[in-house]
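There are two complexes below, and they share subunit A, which is joined by subunit B in the first and by subunit C in the second.
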Partner chain A sequence: MSLIATLARLEAVATGRAQPTATVRHRRLSQRPLVFVPLTTAGEAGAPLGALVGTDRDAPRLLVVPQPRDRDLRFAFLAELADVVLPYIDSYADAVEAAERNETDPETGKRVKVEVELCADAPQLIVPSRAGVDYVRLLGRSMRFRRTAEQDPQTPYPAPPRVPLLGRWLTHFGERSRVPGSALLQAVTELLGRHWATGQSSLEDQHLGALLAWIDPPAGETGAQAALRAELARDADGQLLCPPAGPATDPAFDNKLLAPAIERYDRARTALAAAQDGLQADDLLGALTAAEGEIRALVSSRMLPTWDAVWRGLDLLRSLPEGAHVEERWTRDRWSFTGHRDRVVAGEPPQPRRDDAVTAANKLATREREQARLEAQEALDDPLVMAARRLAGEAFAGEVVDVVMAYGEGKRPSPRPLVTVRTEDLPHLAERAKVYRSLGGKPQAAEFVRWAAEGDAGRADGGHGAGGAGLLVLRIVDKMGRGKEPEAGSVPEKGDRLCFTLFEHEQRGGAKLPDPEETPWTHGGPPGEQTPEAPDSVTQEDLL
Partner chain B sequence: MRGTALRQRLAELRGPDVPAKALDARALAALAANPGCKRRAILDGAGVDKAALAGALGSPSAFGQSQFALTRGNAFEAKVKADGGAELLRLVHERLDPAARPPVDAAVPELSAIGPEGRTARTALALREATAAAGGWTLLDHPMLALDVAGSAAFLEPDAVVVHPDGSWTVVEIKSFPMLDGSADPAKVGAAARQAAVYVLALEEVAARLDPAPRVRHRVLLVCPKDFSNLPTASAVDVRKQRAVTSRQLARLTRIQDIADALPEGACFSPELPAEQLTAAVESVAASYAPECLAACELAFHCRDRSRAAGAVTSLGRSVRAELGALTTVEDVLAAARGETGDPRDPAVAALRRAAGLRAEALEAAAGAEPPAGLWSVPTPAAGAVPACR
Partner chain C sequence: MSTEAAFDPGTAATRATDAILRDTLHGTARGVVVDSPPGAGKSTLVVRAALELADAGRSLMVVAQTNAQVDDLVERLARKNPELPVGRLHSSDADPYDKALDRLANVRKSAKAAELAGLPVVISTAAKWAHVKVDEPWRHAIVDEAYQMRSDGLLAVAGLFERALFVGDPGQLDPFSIVGGEQWAGLSYDPSASAVSTLLAHNPQLPQHRLPVSWRLPASAAPLVSDAFYPYTPFRSGTDHGDRLLSFAVPSDGSGVDRVIDEAAESGWGLLELPARHTPRTDPEAVRAVATVVRRLLDRGGAALADGSPDPTPLTAGRVAVGTAHRDQAAAVRAALTELGVADVTVDTANRLQGMEFDVTVILHPLSGRPDATAFHLETGRLCVLASRHRHACVVVCRAGVGDLLDEYPSTEPVQLGTLVKFPDGWEANHAVLAHLAEHRVPWRP
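What follows is the complex of A and B.
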């Protein structure tokens, strides 16, 4: 956390309201996001209890598993979830635009441009919290290796059709969310935490209710009071007024309300199974339906507050204008979505349990590059983010006080103007360090020449007086055209206010990795023929 | 003599007729994570029920375990230990000691006895016999171990301890979170490793009393359900680091005797006392609150209230303190940032003022109609032209 962010937190404490840490929105919000609020059963891995899901804030689809340990009921839940999520994803798969991609020609080995399809927009999944993102991954993992009766008639406990496909998509969303700056799957707590600093620790910010309480406290209350209520206030029954955003439930809810309701449901089911005649069965079926209705009401009552909170969070985020580079990053998300769509259509197998060495290295390299890109773009889009970089000595802003024309020493003299900038910032500039400024959206590079002396306050050594301004001389080295005279507007003029960064604005790809077949022995050697992943073993006694 | 006096004093602190709450490994690991907290040390040392105390103070804790998790956890542990621990021993053999002979006909000694002291003695005896009769495998199901914590004994109950044919001992920790494709939630594994490290330390005390002292293995076995099933799978976890940390922190724990001596006469933490009296008693011993406490201590919400009321910057996280130098309260920091107080030659103060100035400038630039020309006006790059990354 930078000192500026710390300061924002302290101001939030003093004012009782969250303070902005961004002046623009740094993530894409879809016009029609799919909000997914899941709940899980305590102690079981990947045993959903229920979910609210949908694109319409006034009409969420309620899915509930009345007995989470029943395999059939769980599959019914997942099939229903697939019925909501897959049509939503498909609605983005068909609208495409033409785009170009660089590919290596297999015959000549040259890089050539290939015309490909790019989806015009991409789906976006919104979950309440970081734990929700992990849960999407977990659900994806639990489904993608399942076999349907159609794929494999011999398989015990076949999954409903489309469930494995949903697993592959959720896995893709979960995997993509690990790429910095991506927006296919996002947690509202992370989004809000990126744009506001509350008067509590980042640990406490993981509580969606408390976070919203700080950002948008009810009238007449401070953020701290409202957050405390969101965290701890309970009703006469001992239930939290603001249930946890999930997927984990409050133990008091499990023990006091849910467990007895599930027990009643189990009893009603046993009674129905033992029914003697039709008339009796009718009554018992009514009892079972009532018991199921009770569980649905209970589970939905825990999720509805979170559902509303997620949409409220989205409203707050929409109040910020979108950052300039967000569109570009969203385009990368669209490429990612299109790529997975193509893999599914091509009939490729589900994502493996473990990546091979080359894939894993590629993924890591992508994440590192995207992290650097994100940091640079956020700073360029947002003066508040740039302020933190300036404080850290990674950028400086100032006024141009002098421009002297000079030329390079090559055969053909090219313009190399010397620009003197007065700044109060303290950049960590090494000799001949490269700095960059944004010129019409493209970076223009300059070279640091020296700290200049100003009047009597000689500071040829680069020394800064406390609070005083320094003068530094830069040599502009590119983006001035081919001629002897620089193009109009390409050289700063006296009086311009400029901001230079010590970091590059655009990220270059790293060294190319070998093809998987060429994996060196240090990394396990070539992976060999990919064997299809076996489905998870299921046994009768698994409480699945 | 001194021990009896301390025990007497701790019983007084707990309140008349309030039974002591036993310190478990989880509490010890949490205590070792925050060794500077005298409040937690004395309350745990005296066996005060902190959940009840927090309720009486008006800041009830939010801890609890769902009965679903409990049922599942117990069922899984029973499954792992079924058939005289055959499956468990197979996993120990496979993961930790594949060179030894396979575990068949392992001994499972009876460890029941009266009271924790009795069970501890029974466990020590069983361990000695099993080590002496080397050559076979022995499984100790829920043994009891004692560990001296800041001057008072804590009784610990590991899930299982296995004696190998070569006479060495292994701690087994059975957890019900899943191991998915060979890896589990790192936070949960970390907590399990810290807990297991406490057991290793306690076992080493037992081992030190034997001659020759048997080896306590520093790789413990973590048993978890495999993927989405309830079939057990296991992984060896090296706890050397956690053991070293815990051992150092436990040694650093302020002696409970000293804390007790510093308490005012008649201080008592009985939950039946009125809230003001309790608050005064709790306030008489210093706490060191950090947000991490919320996940580990029942009293955390009370301490957080106090920490916030005092304006301590640590309530925003320990890392916040690091960059603020000698400034410890919110008011001090903000006053220094505004330039009202503080020595500008102090690097922390100078950095704060620069940060405050830059922040104000940036917010102004954003609030103003148009930012300075050429500074922040970055046109949107052409969309669709970035095929490099998929």
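What follows is the complex of A and C.
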């Protein structure tokens, strides 16, 4: 945690209110996000209990599995979920714009520009918490290798149509969410935690109710009081007033309310199956419907507060203006969405269970590059984030007090002006360190020359003294045009307030890795012929 | 005891080196792996292997991890054999290599691999090699600091060579990534794991060797470092007690700082213990204590006598280093040293001190003043690097209470299926070092 984040948390404790750690919103929020609030069953991985899902905050679609261990009911739930999610995704697939992409020409081996489609916008999935993101990934993994009767008439337990497709999309969303700065799938707790610092630990921040209590406490209450209530307060029956955002449920709810209700449902089902005649069956069906209705009401009552909290969180986030580089990162999300759309359309098999060596290395390289890019862009977009970097010695701001024209050595002398900057920051500048400032959105590089000696108001100790401002001399080295004289506006002028960073603003692309079929001997050699992966085998646990 | 007495470090080291060179030059395996503890002559081995491979007429590429390491290797090669043409492949940035290389007649420098084609030896960093494309692979490669290279780094360069010698120190800092790689944990080719672990997972039959003697670490340090960080692959120091002496012309003024210096000069270790306290990372008192120790080390006219040389070497600023866990701590120490008028002392983090050596090191304990013990601060390699850079003595500056802190924070990292559990873990290693340092403790209240 940076010093400034620690300070913000201390201030939150002192004032009883979360403190902003950003002045702009650093993540894209879609105009029409699909909010997904899932609940899972205790004791079995990936057994959904219910979900609220939809794009209209006033009309969530309620999906409930009255007996989570019943595979038919589970499939029915997943099919219903697919009926909500897939049309939403499809609604973004058709609106496209023309774009260009660099591709390697298979014949000449040269890089050429290719005209391609890029989806004009992309779908966005919002879940309450980080555990919800993991749950999306888990659902995707459990569905994408299923086979429908249409795909494979021999499959022993065919999945309803479109369930495997939903699995592939959820897997894509889950995988994309691992890329820093991406916004296709986001957790509200993470989004809020990025923009506000509360007076509690980051572990406690994963409780959506407590987090909102700190950011927007009810009148007359401090964040700490409200958060404590959100976490612990229970009604006369011992139920939490603010149910956890899931997907896990509160054990008191499971034991006292859910388990008896499921038991009644099971009894009603058994009785119906044993019905002697039509008249009796009618009555028993009524009892079964009532039992199912009871479970639906129970599950819905645990999810609705979370549903409302998610939208409240989105409202809070929307109150911040969007950061300047957010659009650029969203474009990358659109590329990612378009790419997967194309793979689905082309009839490619589902994503493999495990990445091969080259894919894994490429993904890691991409994520590292995106992480560095995100950190740089957030700082450039937001003075509060830049303040944290300045405090950490990774950037400095100051006033230009002197500019001396100088020229580089070489046959054609190019301008290398020396700029003296007075700063109160304490950057960790090594000898000849490169620093960068934003010049019309592009980074201009300079080289650290020295801490200036006592000139007018500088310090004689050469920099890091206690208190006061320091003078440092920089040599601007690029972005001044090709001529002998620098282009107008490309060299700082006396009196300018500038901010230089020690980190680069843009990321270079990494080295190209070998193709998977050329995996070297150190990494096990080529993975061999790609065969579509077999569906998951049916285990005993599948047939409880 | 008789076996101990019969142990001759020189013979043992020669035997190990011969076996390595035999496997490298005449073996049939595509790779040879050499584990080297701190200061065991890894660079010497790399240079020797490079010269013998070049002699045998095998085209050789050398992969190191940093530009400093590359430049150092080029210089060592040129010193050993000034006639050998060596290619230094460098990046196209400004100042891509050490200007000292310009004085070496047989070193050709270029940013393009094609311009160095045909030279018997070409040296560059892993990052630069990753951009090189060739039709004909090199017959042999030497990968230096292979344990600090990431698996994906090796993936990018492994197509460039047919066979390779991998050399590195398994006890130093593992490579890291700035994003999580848990998704691939347990896979044999986990891209964030070390190059050697991937290599051996796929090629378990490769011959593995170990250098048995540390020439850098004094007899006072080798047993501790070996026990704490290499419990299953012990090594010895090449010198004995009394072979190295550190003395000071100016006697102690009785202060805690001077007493800890004397303790370290006498026993090889000194622990300057500040009162227990939770502090920010750049603990001003501890930082000042580190700077004061350095100042006194230089002021007291230290002289180091080593390895049979009759004349002591004066302990100058260039022979002293300060090691910290974080960069801001290093910056704070640098600032404090500037205030005390000390210049030219190397101050850096464990990551950057890897592979370097000094007469005396002063280290700020990674856990000093912390309220918690995170995986970063507990990492075995971090403490190992900091505690194994010295030829004579090491002074550790630390707040009291680290033992309790360790007991309150046992390792809680999730265990991933299929990954090798690293042993000793940081908790164990930290306790071993603390227990040893406790015998050389000098309490001090600034």
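Here is the rule we go by: the second predicted complex is superposed on the first by the 531 of 544 C-alpha atoms of A that agree within 3 Å, B and C clash if a C-alpha of one lies under 4 Å from a C-alpha of the other, contacts with A are read in each partner's own complex, and residues count from 1 in each chain.
What we mean here is this: contacts are C-beta pairs under 8 Å (C-beta built on N, C-alpha and C of every residue); 3 or more make two chains touch, one makes a residue touch a chain.
Everything numeric in this text was worked out from a predicted model, so none of it was measured.
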{"item": "Subunit B or subunit C, by number of subunit A residues touched", "value": "B"}
{"item": "Touched partner set for A:Gly524, first subunit B, second subunit C, both or neither", "value": "second"}
{"item": "Partner chain(s) touched by A:Arg354 [first = subunit B, second = subunit C, both, neither]", "value": "both"}
{"item": "First (subunit B), second (subunit C), both or neither touched by A:Asp266", "value": "neither"}
{"item": "Subunit B versus subunit C as contact partner of A:Leu3, first or second or both or neither", "value": "both"}
{"item": "Partner chain in contact with A:Arg178 - subunit B first, subunit C second, else both or neither", "value": "second"}
{"item": "Which of subunit B and subunit C A:Arg432 touches, first, second, both or neither", "value": "second"}
{"item": "Which of subunit B and subunit C A:Trp335 touches, first, second, both or neither", "value": "first"}
{"item": "Intersection of subunit A interface sets (partners subunit B, subunit C)", "value": "3, 354"}
{"item": "Residue ranges of subunit A in contact with subunit C within the complex", "value": "3, 178, 180, 354-358, 360-361, 363-365, 367-368, 371-372, 392-393, 426, 428, 432, 461-465, 477, 510-511, 513-514, 518-525"}
{"item": "Subunit A contact footprint on subunit C (complex, rising order)", "value": "30-31, 94-95, 127, 130-131, 151-152, 154-156, 158-159, 177-181, 183-184, 187-192, 195, 198-199, 202-203, 280, 327-328, 331, 334-335, 338-339"}
{"item": "List of subunit A residues in touch with subunit B within their complex", "value": "1-4, 6-11, 13-14, 20, 23-24, 41-46, 68, 97, 99-102, 118, 138, 141-142, 199-204, 224, 231-232, 249-252, 254-255, 259, 324-325, 327-328, 331-332, 335-336, 338-339, 353-354, 366, 369-370, 380-384, 386-388, 390-391, 397, 438, 440-441, 466-467, 496-499, 509, 536-539, 541-544"}
{"item": "Residues of subunit B that touch subunit A when the two form their complex", "value": "59-60, 62, 64-73, 75, 176-178, 180-181, 225, 227-231, 291-292, 294-295, 301, 308, 311, 313, 315-317, 319-320, 323-324, 330-331, 333-334, 337, 344-345, 350-352, 354-356, 358-359, 361-363, 365-366, 371-376, 378-381, 383-384, 386-390"}
